[in-house]
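In what follows, subunit A forms one complex with subunit B and a second complex with subunit C.
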Partner chain A sequence: MDPSVLVQLLLNGIVIGVIYALVAMGLSLIFGVLEIVNFAHGEFYMLGAMLAYFLSTGWKIGYWPTIAMVTAVAVCLGFVLYEALLGSLQGEGFERSILLTLGLSMVLQNGAVYLFTTTPRMMLVGSTYSHVGVGDVRISVLRLFALALGIVAFAALYLILYRTRAGKAMRGVAQNRDAALMVGIDPRGVSRLAVAIGVGLSGLAGAALAPVYAVHPLMGAGFVFKAFAIIIIGGLGNISGAAIAAVALGVIESLVGGFLPLVLADALAFVSMIAILLLRPQGLFGRGVRV
Partner chain B sequence: MTGRGTLYLTLTAATMAILAYGGLATAPQAQDKGPIIIGSSIPLTGGVSQFGQHSRWGAEMALAEANAAGGVLGRKLEIDFQDNRCNPAEAVKSVTLMLASKKYVAIHDGLCSSVVLAIMPLVERAGVPLVVANASATSIAEKSGVGGNKWTFKVNPTDASMLSALVGWLEKEGKASNIAYLGEDSDFGRAGSSGFEAALAKRNMKLVMVDYFQKGTADFTAVLTKIKARKPAQLALYAVDADFQNAIRQWYTMGGGVPLTGRVLVDQVPKEILESGFLDGTTSVQPYDPSVDTPANRAFVEKFRKTHDVPPILISFESYEATKVLIDAIRRAGSADPGAIRDALATTKLPSMLGTTIEFDANNLAHNYAVILTIKGGKVVVLGLSKT
Partner chain C sequence: MSRAGALRSGLIALAIVALFLVPRISGNEYFLALGVSFATFAVLATGLNLVYGYTGLLSFAQVGFFGIGAYTAVLLVLERDWSVPAGALAGGTLAAAVGLVIGYSSLRLSRHAFAIVSLSFALLCMLVARDWVSLTRGAMGIPGLPTPTLSLPGVGAWRLARPADFYYLLLGFAVVAHALVYLVVTSRLGRAMRAVKLNEALAQSQGVNPLAYKLLTIGLSALLAGMVGGFFVFYLTIVDPSIFDFYYTETMLIMVIMGGPGSFWGVLLSAAVLSAVPDLLRFTTDLRMVLYGVALIAVMLIVPGGLGGWLERRRLARWRRPRAASS
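Let's look at the complex of A and B:
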């Protein structure tokens, strides 16, 4: 076998893994702090991509300012989401959160279909068709940008969680909400911030990938189910676990898809999830203490 | 009231209700003054809703022309569209409801191959003709006419017949020997690979590689790396909509280096990729292309563009012609009885805009022309028409 094929598959896998991680980390953060599974998470990824498309195509805003603007809008949307919907669920049943976020997902997805139709849109930026490569190994410049953004986002989230007071408060609320309240932490404010960061990461992923993948209202659905599998494999609420599981899954999927029928790669995430649920329900990196 | 009295009353009421319902349900078919109604189950929402929209536009244009000319049998024609999201289960639900109402003289289309295969048994049981406009799976024709289902008529060519025409052309050019296949994991994609395999087998050749992807796949890099490593002469890509856009862009940025073949949606290749010359040498077979130069097609394209601000695509063309075939059959049947319409469909002889005559064979399959297209110098060029 040509070694360049293996290198290409590994490289593809790392990039797609980091892309998965961008979506999965936000989902994991929200679950870790609020214990809510946000089924609408994929729709925020889709909305981020849609907004990036319209900013870039309609208003001719450049790639990097578009990413910054979309991320900022997504963070604000996260605040609104918490205040309008998720805040009222605090301490309420897990089932209610599932129904509410599932309903929100349907409203957002069908609203986008109604407004924008399902016609795929292609966001063009200066480097859409550019690539870098050595020999037969090639990768598009925009995928490298997405890779860099994913790594920066993970590092930033890690620093927030472990080096700031707000991050420590988030971890405190995740570990014991009542105890956190007793020592003066405002769980509502912390939860609001967690949702804002989580939705912000989803918007960032959408904006970063809008020039890589076709933009359409149904694009979030596939990603979010894979993200669920990733956070279960990594350990619910464990951000580092989610990131490691995402990259591992991306690489394994790429290798499987590169040597075996592609449908096996598609099934891999869910087979792994079922295996983890049976053998290690707390996830590969679940340690009882989340975030 | 005694128990037996109550029972009699209940039975009487139930019998009256059944009779009344039966009378109401059959009334539209029996009376001769109201409009003649055709049912259609197509994807109006979901991933391929833009195709559903074109199917609707094509059918509505044919109906509008017939109604402008005074209708058929002195009555107006109407068509009811129901959404199936390209999902067989939803199509079965909507077509079952349409057939139960007994007001539809025929069912038009279904659009997706899996959908048509799912609703074929329903129309057969109900004794209502189904006119297939867009679904291309070869198995639809294999199961129709002498294949068993006498109520299904397929106006557009099958994948097998189109690919037979394409492979014949590729063989003449010496390009049929090293083709890799990547298609969506659906009846559409599976029909593409089996069509290629059948056409190649006649020439003692076969596909060098076959793989399928799930509809809605965003990332194709793994499978494209595998294909690139096999160094095929051409890649047959059976993908539509967002899947096609994602696959084609990733093939380009990965430097795939070989042209495409099969039912490539050449009109949907991004302009930048097309003009770069990257896909030069690509060959595609389609049931239609707006640039086909016949007087009838020129008039159709002009009228369609004027009405909808966009040129027709193969879906709108096929839907338009299939609806015209159905209208012609209703006219020749001399009645809105589904059985009479079916018999009239079987003896169809209607000129197509592509220049041939639409007639059904023993499998209720019409053999229209297929259009062979190529990409040359960054432009799409019609190579010619080939009878399917």
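Let's look at the complex of A and C:
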């Protein structure tokens, strides 16, 4: 086996893993703070990608402004999602939250199919065909951009969670809801912010991957199921665990896909999730069952 | 039996007889197709109701059991020359066994994990059906299933050639399945299931083993879903990975939610209405799913108990209403 192929697969795996991580961290953040599993999370990834496509292809807006606008819109959608639907659920019924967000996902996904059909679209930007390479290893500029965006988003999330009061409040609510209430943290404000950040990350992931892969209304459905597997593997509500599990999954999937039948790459996330549940139910990075 | 009880049993018997007489009155194949769809979805929905409505486990795995039953029945009938009922029974049994494994492995953690694992399980089923080409023939599926022939004791061979035959078969199975579920939910078993749903710790302290009852309901509902899959697939005449489509999950879920989780008759009624109305109104599938989604959100926000829960609340309110003392 040529080592350059290995490096190539590794690089591609890291890029896709970072994008998985963006979606999974948002999901994990929302679960940690609100104890809600957001089934519509993948649809915001899809909406981000669709919006990026329409902005750049229809309105001829450049790559970076498109990314910024999509992320801003996604954050606003997160606020709306919390105020309109999730806010009314506070503290009741895990199942109700699943059904509510599942309903939202059905509306968004099938609505997008109804409006735009399932035809895949390609988002073309100025640097679609540019590559950079060292020796035999080549990587498209857009994948590098996606990687850079992912890393910037990681850093921003880290700074918000660990260097700001709002982030501290979010971690506090995730750790112990009642104690956080007792010290005067407003759970609604914290939850609203968590949903906005989570949905924003998902939209950003969609916009970053839109020029790399084809854009279509069903792209979110498959993606969110993988994100569920990732947050279980990383430990429910554990954000850094989700990030590590996501990057690892991206790399392993890419390597498996390169050497073994593609089937195994698709099933990998689900099979490892079930294995983790059997062997270590608190997740790879969980410190004990806290669900 | 009380007079109300006798009246009720009489009405039920009458309704079943009336349903069986439909093909005699009208041979309209469109109505029979709606009837087949109703019978199939009613069994799927009542199975989901058993798991979610009575025991409180939100399961997305029912479509996986449905498809496992369908594939097992088809492969046994085609490759091993089994009869259709034997194939369907084997499919249901395999689905129940798989359900027990899935339930046992995920319920160790929590109900939350069960919901997510059941979803992944259904997706995994579709991947296996698509990619295990040597067994399932992959994405193209197995088309052109033969017309099944049942040998009935005392009647002879019954060839299921007309739509009406499938209507009788699936309606018959739906009646049996509903009778079974009704017996379970009205017995001690059903009370224990509800206790587990309402307060697991309290149920445990009264000597109810929650895990055993959860596994029992998962197994029973998987058996029903697998068997109905095994029968229904011969009506479709093709089995391919789309038997695991999320569409089935969403449809049976909306039936249970609108009818009211934990309400036997509510779910049956909503299965009947939702099998017929969207089709009669000629919605396209995309639009129908959008409306289902809107309905799901609306029910969750306005009447979380669905039809059954709403009726129950009204009944309680009537009892509590102050009455003028009779003088």
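Couple of notes before you dig in:
In the analysis below, the second predicted complex is superposed on the first by the 287 of 291 C-alpha atoms of A that agree within 3 Å, B and C clash if a C-alpha of one lies under 4 Å from a C-alpha of the other, contacts with A are read in each partner's own complex, and residues count from 1 in each chain.
Just so it is clear, a contact is a pair of C-beta atoms (placed from the backbone, for glycine too) under 8 Å apart; a residue touches a chain by one contact, two chains touch by 3 or more.
Quick caveat: nothing in here was measured; it's all calculated off a predicted structure.
With both complexes brought onto subunit A, simultaneous placement of subunit B and subunit C is prevented by a clash.
Of the two partner chains placed by superposition, subunit B and subunit C are both touched by A:113.
In the superposition on chain A, A:179 contacts neither subunit B nor subunit C. In the superposition on chain A, A:221 makes contact with both subunit B and subunit C. Contact with subunit C, but none with subunit B, is seen for A:95 once the two complexes are overlaid on the shared chain.
Once chain A of one complex is fitted onto chain A of the other, the partner contacts of A:259 are limited to subunit B, with no touch recorded for subunit C. Applying the stated contact rule after C-alpha superposition, one finds that A:148 touches neither subunit B nor subunit C. Of the two partner chains placed by the overlay, only subunit B lies in contact with A:5; subunit C stays clear of it. The contact surfaces that subunit B and subunit C form on subunit A in the two complexes overlap at residues 110, 113, 221, 261, 263, 266. Of all the residues in subunit C, the ones that touch subunit A in their complex are 52, 56, 58, 105-106, 108-113, 115-117, 119-121, 123-124, 127-128, 131, 246, 250, 253, 257, 284, 286-287, 289-290, 292-297, 300-301, 304. Interface residues of subunit A, counted against subunit C in their complex, comprise 37, 85, 88, 93-96, 98-100, 102-111, 113-114, 221, 225, 228-229, 232, 236, 261, 263, 266-267, 269-271, 273-274, 277-278, 281-282, 289, 291.
In the complex of the two chains, the subunit A residues touching subunit B come out as 2, 5, 8-9, 12-13, 15-16, 110, 113, 117-120, 122, 124, 128-129, 131, 133, 136, 138-140, 213-214, 216, 218-219, 221-223, 253-259, 261-263, 265-266. Per the touch definition, subunit B reaches subunit A in the complex via residues 45-50, 185, 211-214, 216-219, 221-223, 225-226, 228-229, 241-242, 245-246, 249-250, 252-255, 270, 272-273, 276.
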